[in-house]
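Next come two complexes built around subunit A: one with subunit B, the other with subunit C.
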Partner chain A sequence: MANDRNSFIFRLVITLFVILVINFFLPRMMPGDPFSTTSADMPGEDIIVMTEEQRLYYLEYYGLDRPLHEQFYTYITNLMKGDLGRSIFYRKPVSDVIILHLPWTMFIVLGSTLISTIAGVVLGTFSAKNRKKGSDRMMMTGMIAFAEIPSFLLGLVLLLVFSVHLRLFPLAGAITPFAHYSGLAEHVWDILHHAFLPVLTLTLAQLTGVYLLTRNSLITVTTKDYIRTARSKGLGERTVWTRHALRNALLPVVTRTGFMIGIMMGGVVLVESVFSYPGIGMTLRSAVIGRDYPLIQGILLVIAVSILICNLLVDKIYSKLDPRVSI
Partner chain B sequence: MIKNINVPGYAGITSYIQALNICRVSTNLSTTFSKFSTEGKIGVLGILCIVLMAAFAPVITHYSPQKITGDSLEAPGPAHILGTDELGMDIWSQICYGARMSLTIGLAVAFISGFGGGAIGVLAGYIGGHVDQGLMRIIDVTMSLPSFPLMIVISAFLGPSILNVIFILVLFSWAKPARIARSQALAIKKNSYITAARNYGARPFYILRKHIFPEILPVLFVLVIDISSHAIIAEAGLAFLGLGDPTSKSWGMMLNNATGFRSIYFTPYWQWWLLPPLFMLIVLLLCLAFISRDMERILDPKLKIKKGF
Partner chain C sequence: MSLLKIKDLKCHYQTDAGIVKAVDGISFEIDEGEILGIVGESGSGKTTIALGIMGILPENTTSSGDIIYRDHLLSSLYCSGLDRFRWNDIAIVFQNGLEVLNPVMKLRTQITEPMMKHLDISLEKARSKCADLFRTVRLDPKWLDAYPHQLSGGMRQRFLLAMALACDPKLLILDEVTSALDAFTRREIRDLLVDLQKMNGYTMLMISHDLTFVSSVASRVAVMYSGRVVETGPVKDILSSPRHPYTRGLVHSTPDIFAYKDLWGIPGDIPAGTEFKGCPFCPRCTQKIKKCNEATPNLIPVEGGREIACHRGGVAGLLQAKDLNHSYRLPDGQYLKVVDDVNLEVKEGEVLAIIGQTGSGKSTLAHILANVIRSESGNVLFMGESICKCNLGKNLNGIQIVFQDPFSSTNNRFTVLDAIKEPLDINKIGLKEERLQMVKSTLELVHLPVTDDFLRKYCGELSGGQRQRVALARAMVMEPKLLIADEITSALDVSTSANVLRLLKGLQNRRGFAMIYISHDLSMTLKIADRIAVMDKGRIVEMGNSHDVMFSPSDEYTKRLVGSRLGLCCHTH
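And now, the complex of A and B:
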C-alpha cells in the first residue's frame, strides 16, 4: 500500500512537471520571438519596430539570450515566488488578474459540487431502494440521457429557456453592474440570482455520475453479509440504510467528487463563457481571443495545480474514511 | 484462375457471387441491428440521417455555406429554409456542411487514436518488460493531465486549423484505448493456445495479427464510438471558444459566431441562428451515446471485465 501511495504522489509530481514543461516550451517553440508580436495587424495602427540595439537589450532583460536550461531554472524560481509574468491585455501581473477572478470560479465549482453530490446521493439511494421498480428504471434512463449532453450545450439550452425566453434569470455576469444594495441580504440575493444557472448547469452535468455510483455501490453493499447481520439484529430499516449501507457505499463517491472537480475545471471554461460569468474560465476565453499568452499560461497552471491539490486532498480524506487504505 | 471476367459467361457468375456477398453482408447487418434496443435503433437511424445529410450536402442545399446569398439575418422563409446569419449566409447550408466537419473530425480522431493507441497498447502488452513499464508511465501521466485546459492552450499556440485540432485531440485520446488494449493483450497472452502457436514456430507478428488483435477488435470498436463523441464535443468546445478553423463552418463555429453577435439574446435572431447548431450537436451526441451503450450491452460479458478500471 505504501508503495501504491508513493507512486500516486510520484505521478502527481510528474504530471505537474509535464505541465510546467509544456507551459515553458510552447511559447518558445513558436516561430519568431515575443518582440515580433508587438507589431499591430490593423493597417492604421502604428507598428513598433525596434532597433537591433533595443531588441538585444530586451532579449537580455528578459533573459532570452541565455541557454534554455537556465531560462527554465529562472522560470521555476519565479513561479516559486508567485511571479507568473505580466498580462499583455490587463497590463498588470498575471497573478493579480487570476486572484481577481478565481473566487467566482471557486464559488460556482464548489457550490455545484456540493449540490450535485448531495442530490446525487439522495437520488441514488432512492433509486437503489426502489430497484427494479418503474421509478428506478425511468430515473436511470433519464439520467443517462442527460449525462451525454456536454455541459456547455446544456448551459446554452438553459440560458435560452430561462434567461432569454422566460426572462427569469440574468443573461450574463456575476453581479448587477452599478447596483446599489440596501443591505447585505440584497447583495447575497443578487449574487445567487446570477450564479443560479451556471451552478445548475454544472450540477446537472455531474449529477448522473454521483447518482449512478451511489446506486451501484449501494446495490453491491446491500448484498453483503453484514447488512443481513444488521437486519437480523433487529435494527430498523432506516438505521441499516444510513449507518451500515450508505456509510460504506459512499467511499467511492468521495473519491469521485474529488476527481470530478478536476474534470469540471475543464468544463467550467466553456460554461463560464456561455454565461459570461467572470471567473478564470471566462478570462481564459478572452485571453485566448486576445492572444494574451502569459495569462493563458498562468491560468493553465492555476487550473492544473488546483486539480492536483484536489486529487491530493481526496487521497488524504479517503485514507481517513477508510482505515484499510493507510495501513 | 478467372482471367477474363468480362466474358459474358463469367459475368453472370461474378454478379451472382457479388449478390451473394451483398446478401450476406446485409443479413449480418440486420442481425446486429435487431440486437439493438429501441434507443439504439433510434441512434443508428439518427446517425444515418446525419451522415446522409453530410454526404449529400450539395444536393439538399441551394447555396454555398461560404457565400453571401441573402440579406443579413433574414428570418426563415421560402428562400432560406432556416434563414441567414449576420453576413447573409444560408444557415441550412451551414448546418449540412457543418455535419461534414463534425463527422470528419470525430471519425478521424477516433480511428487514429482508437486503432493507433490500441496497436501501441497491444504491442507493449505483448512485448512486456521495460517497454511496457515505460508506456504505462506515459499513459498514467497522459490520463492525469487536465485535458481540456491543455487543449485550449496548445491550440491557442498552434493556431487554428483542422489538422491541428485533430492532432491535439488524438494527443489526448490515445491513452485510454492503449491502456485497455494492453491489459487485454496481457490477459490473452497467457492463454495456452498462444503458447501452442508459439511452439509451432509462429512469429510474434503472426500471433498478434491472427490471435490477439481480432480478440480486442470488438472492444476497440466501442471505444472508437466513445472517442468520436468525445472528439466531437471537444471540437465543438474549442470552436465555441474561437479556436476552430475560421475558414470552415463547423457547428461549434456557428455557436461561436452566434453567441459572439452582440445582441443575439435581445433579438429573435437566436431562434434560427443559435438553435439549429445547438439542436444538431445534441442530437448527434445523443445518437452516438445510444449506439455506444447498446454496443456495450451486446458485448457485455467481455466488456464488463475488461473495461473495469
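And now, the complex of A and C:
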C-alpha cells in the first residue's frame, strides 16, 4: 500500500513536470513576443506601436532576453514560492487575474455538468425502459444527430437567435456593468440571466454523451443475473430499476462526469469567447493573442491541475461507490 | 393436495436463428412437503421451468400453459400481481455465479430487502432475522456487512439459500445449487437441505444435472430431455432400473453410481430444441424404430407410479433366456451339468458381463445363446422369436459371437479379406463390390489398416491383437444387435487386451449394440459392464448392477470371487 502511494506520488510529480515544461516552452515557440504585437483585441484599446528600442527595453525588463534555460529556472523557482509571475498585459500578478476569472468558468462548467448529467440520466433511463419502442428510437436518433453540432457553432446560433433577434438574453459578460442591485435576489438573477446561454450551450454539448452512456449501461445492466434475482424477489419494478439497475448503471456515468469537468475547463475557451464570458477561457484567448507568456503559463497550469484533481476525485469516489474496486 | 401444478407448460425463445423450444409441453405436480427433482443434461430446459414459475423469463419468450400455485393461476398474472407470491410463497435459490447478487450492495441489504417488502416487520426485527438465517445456513453473521465478491463460492451458495429462506416460502426452487461446488461443500449443502426439509417441511423443486445429488435429497424425479419429460418416478426405482434409454444413459454415465467403469457419455448431442419431428432422443437412441422418427411420444403411466415417454415402452428387452439346461456326458458315463436352470435377459444397448471361474459354464452358456449349441431344455428368445427357428447368425442385425482364442477362431490360411468377408459370402449378403466396401469400413471400425497389402495378408502372419481384431471385424461386418464376446482378451497380453477392450467398448457405445461379455477377469469387467451375472457350477448365483455386485456382493461365491483378486503389494486390502 505504501509502495502504491509512493509510485502514485512519483507519477504525479513526473506528470506535473511534463506539464510545466510544455507550459513554458509552448508559448515561446509561437511567433512574435509580447511587445511586437500590433493588434489590439479589446475594444477601445489603443494600438501601441513600439519602437525597436522600446521593445528591447521591455524584453530586458521582463527578463525575456535571457537564455531560455535561465528563464525556465527562474519560472520554476518562482513557482515553488507560489509566484506565478506578473501579467504583461494586465500589469498585475497572474494569480490575481486568475482568481478574478476562474470562478466564472467554474460556475458555468460545474453548472452545465450538473444539469447535463441529471438530464442525461433521466432521458437515458426513459430511453432504456422503452427500448426498441418508437420513443427510444426517435430520442436516440435526435440525440446523436444533435451531438454532431460543434459547441461553438451551437453557441453562435443560440446567441444570434436569443440575444440578437429575440433580445431575451444579454450579448456579453457575466453581469450587467455598473449595475446597482436592490437586493441579493436581483443580483443572483442577473448572474443567472447572463450565464443562461453559455450554460445551455455547454449542457447541450455534454448531454448526448451522458444520455448514451446511461442508456447503454442500463441496457447492459438489466440483462445481468442480479436484476433477475431482484425481480424474482418480488420487489416491484420501481425498486428493481432504481435500487438495482440504476445504482449499477450509473457507475460509468460518475466516472465520465468527473472526467468531463476536467476536460470542460479546457474546452470552455471557445464557448466563453462566443459569449464574451469573462472566465479564464476568454482570458486565455486574449493572453495568447497578446503573447502574455506568464498569463498563458498560469492559466494552462490551472487547467492542467484541475484536470488532474478531477481524475483523482473520480478515482476516490468510484472506489467508494463500487466495493469491488480498491485503490 | 398439490402445492404447485404445472400443466402443459411451453416456453419458446424467439431468437434470430428461429424458435428455440426450451420447454415444450411439460406437466407435473408437487405435493406439499415433497421434494421433486428435475434432472437432465445442460440445455434440456430445466432452468427455463424455474424461470417460468417465477415469471422472470426473458422478454423474447412466449409461454403458454398453466402454472397453478394452490388456487392461484400464476401464469395469468402480470408482474405486479406475481410480486405478491414471489419470495413470499415461492423463492428460488439461483445457480451460483458472480453476478447473481448485486455487486454494489451489502449482503445485509440484499437479504432484508424482500423481508421489508413482504413481511410486515421493523428493520430491527429484519436484521435480527438475518443473523438467524445466517446461522441456519451455517454462515458467520459477521459476513452480513460484506459484499458479494468477498465471499467464496460455497459461502455465496449458502447466502443464496439464506436469502431464499428470508420470507419463509412454501416452495423452494433450487437451480443447480451444487454445480460449482467441491465435493465437501456439496455434501454440506445436501445435509443442510435435508435438515431444513425435516425441520420446516419445505416443498422443494430441485433442478440439477447432478443425478447423485438429486437422488440423495429428492423423493421423486423427472428426467428431462430437450424440453420434455421423458421419465418420472420414485428416485430409487429410476436409479436402479431406468426405463427410458436416455435415463439409462444418464445413470450409466454417473461416476458415483459406477465408480470403476470407464466414463462413456451418451454419444451425440442434445438437439437445441429447434424444429424436429418425432422423439427428441431419436438421433441418439440405440433402439429406434420407424415410428420414433414420425411422432413424439407422450408421457404414459406405467406400473410403480412411474411414467415414461417412449414408443417402445422404455428400454426394450433384446434377448430372453428361460430355464436353460445343458449337460456334458463324461467318459465314465455320468452327466456333468454345466448350465443349470439359467434365466437371463439382455436389454437393448446393454453390456451384461457373465463372470465366474473356469468350468463354471460361462462359455457353454454363451454358445447356447449364440445358437452354436442347442440347450437340452428351455428356450432363448431374440427380439421375441426363438433363436432356434430363425438362425440369427446368418442375417445382418442378429447375434454374433467372438471366441476366446483368435489363433484357432481365424484360419491361418485365410487372408484378412477372406476371413472377414466369409460370413457375407456364405450368407450371400450384398454384391461383390459392396462386400469389399463393407469389409473395409469394418476394418476401419476396429482400427486396422485398409490397404490392399493388409487385406492380402494371411491371418497366420498377424499378431495376437491384430488377429483378435480381425475376429471382431468378422463379427462386426454382420452389424449385430447383440455381440457375444467370450473371453476375448484372455489370450492377449495386458496392453493389447486393454486396447482391444477399449475398442470394443467404444464400438458398443457408438453403435449402441448390446453385448454379453464373458470373462473371469473381474477388474476388466468392472470397466465396461453395466450389469454383472455371476456363474458358479452352471447356475447364475447373483445378478445386478455391476457396482453393487462388486462392492456389496450378497452371495457367498461372489464374495469369494471378489476376494480372490490378487492385490498389488502396494495395496493393503
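Definition applied: the second predicted complex is superposed on the first by the 260 of 327 C-alpha atoms of A that agree within 3 Å, B and C clash if a C-alpha of one lies under 4 Å from a C-alpha of the other, contacts with A are read in each partner's own complex, and residues count from 1 in each chain.
FYI, a residue touches a chain if its C-beta (ideal position, glycine included) is under 8 Å from a C-beta of that chain, and two chains touch if they have at least 3 such contacts.
Just so you know, these numbers come straight off a predicted model, no measurement behind them.
Peer 1: For the combined arrangement obtained by superposing on subunit A, do subunit B and subunit C clash, or do they fit?
Peer 2: Once both complexes are aligned on subunit A, subunit B and subunit C fit side by side.
Peer 1: Once chain A of both complexes is superposed, is A:K233 in touch with subunit B (first), subunit C (second), both, or neither?
Peer 2: The answer is second: A:K233 touches subunit C but not subunit B.
Peer 1: So in the superposed three-chain picture, is A:A304 touching just subunit B, just subunit C, both, or none of them (first/second/both/neither)?
Peer 2: first
Peer 1: Could you tell me if A:I19 is touching subunit B, subunit C, both of them or neither one (first, second, both, neither)?
Peer 2: Touch partner of A:I19: subunit B, not subunit C.
Peer 1: By residue count, which of the two partners contacts subunit A more extensively, subunit B or subunit C?
Peer 2: Touching more residues of subunit A than the other partner does is B.
Peer 1: Can A:A195 be said to touch subunit B (first), subunit C (second), both, or neither?
Peer 2: neither
Peer 1: Looking at A:V94, would you say it contacts subunit B, subunit C, both, or neither? Reply first, second, both or neither.
Peer 2: neither
Peer 1: In the overlay, answer first, second, both or neither for which of subunit B and subunit C A:L156 touches.
Peer 2: first
Peer 1: Applying the document's definition of touch, where does A:H244 land relative to subunit B and subunit C: first, second, both, or neither?
Peer 2: second
Peer 1: Applying the touch criterion given at the start, work out whether A:G267 contacts subunit B, subunit C, both or neither, answering first, second, both or neither.
Peer 2: In the superposition, A:G267 contacts subunit B only.
Peer 1: Compute the least Cα distance separating subunit B from subunit C in the superposition and give it as a whole number of Å.
Peer 2: Between subunit B and subunit C, the minimum C-alpha distance equals 16 Å.
Peer 1: Following superposition on chain A, which residues of subunit A contact subunit B and also contact subunit C?
Peer 2: The answer is that subunit A has no such residue.
Peer 1: In their complex, what parts of subunit A are in touch with subunit C?
Peer 2: Interface residues on the subunit A side: 224-226, 228-237, 239, 243-244, 247-248, 251, 321-324.
Peer 1: What does subunit A use to touch subunit B in their complex?
Peer 2: Per the touch definition, subunit A meets subunit B at residues 11-12, 14-15, 18-19, 22-23, 26-27, 30, 144-145, 148-150, 152-153, 156-157, 159-160, 163-164, 171, 262, 265-267, 269-270, 273-274, 284-285, 288-289, 291, 293, 296-297, 299-300, 303-304, 307, 311.
Peer 1: Can you check the complex and tell me which residues of subunit B touch subunit A?
Peer 2: 137, 140-141, 144-150, 152-154, 156-157, 229, 233, 236-237, 240-243, 255, 259, 265, 270, 274-275, 278, 281-282, 285-286, 288-289, 293
Peer 1: Applying the document's contact rule, which stretches of subunit C touch subunit A when the two form their complex?
Peer 2: Interface residues on the subunit C side: 51, 54, 56, 79-80, 82-88, 91-92, 94, 97, 99-105, 113-114, 117-118, 147, 149.
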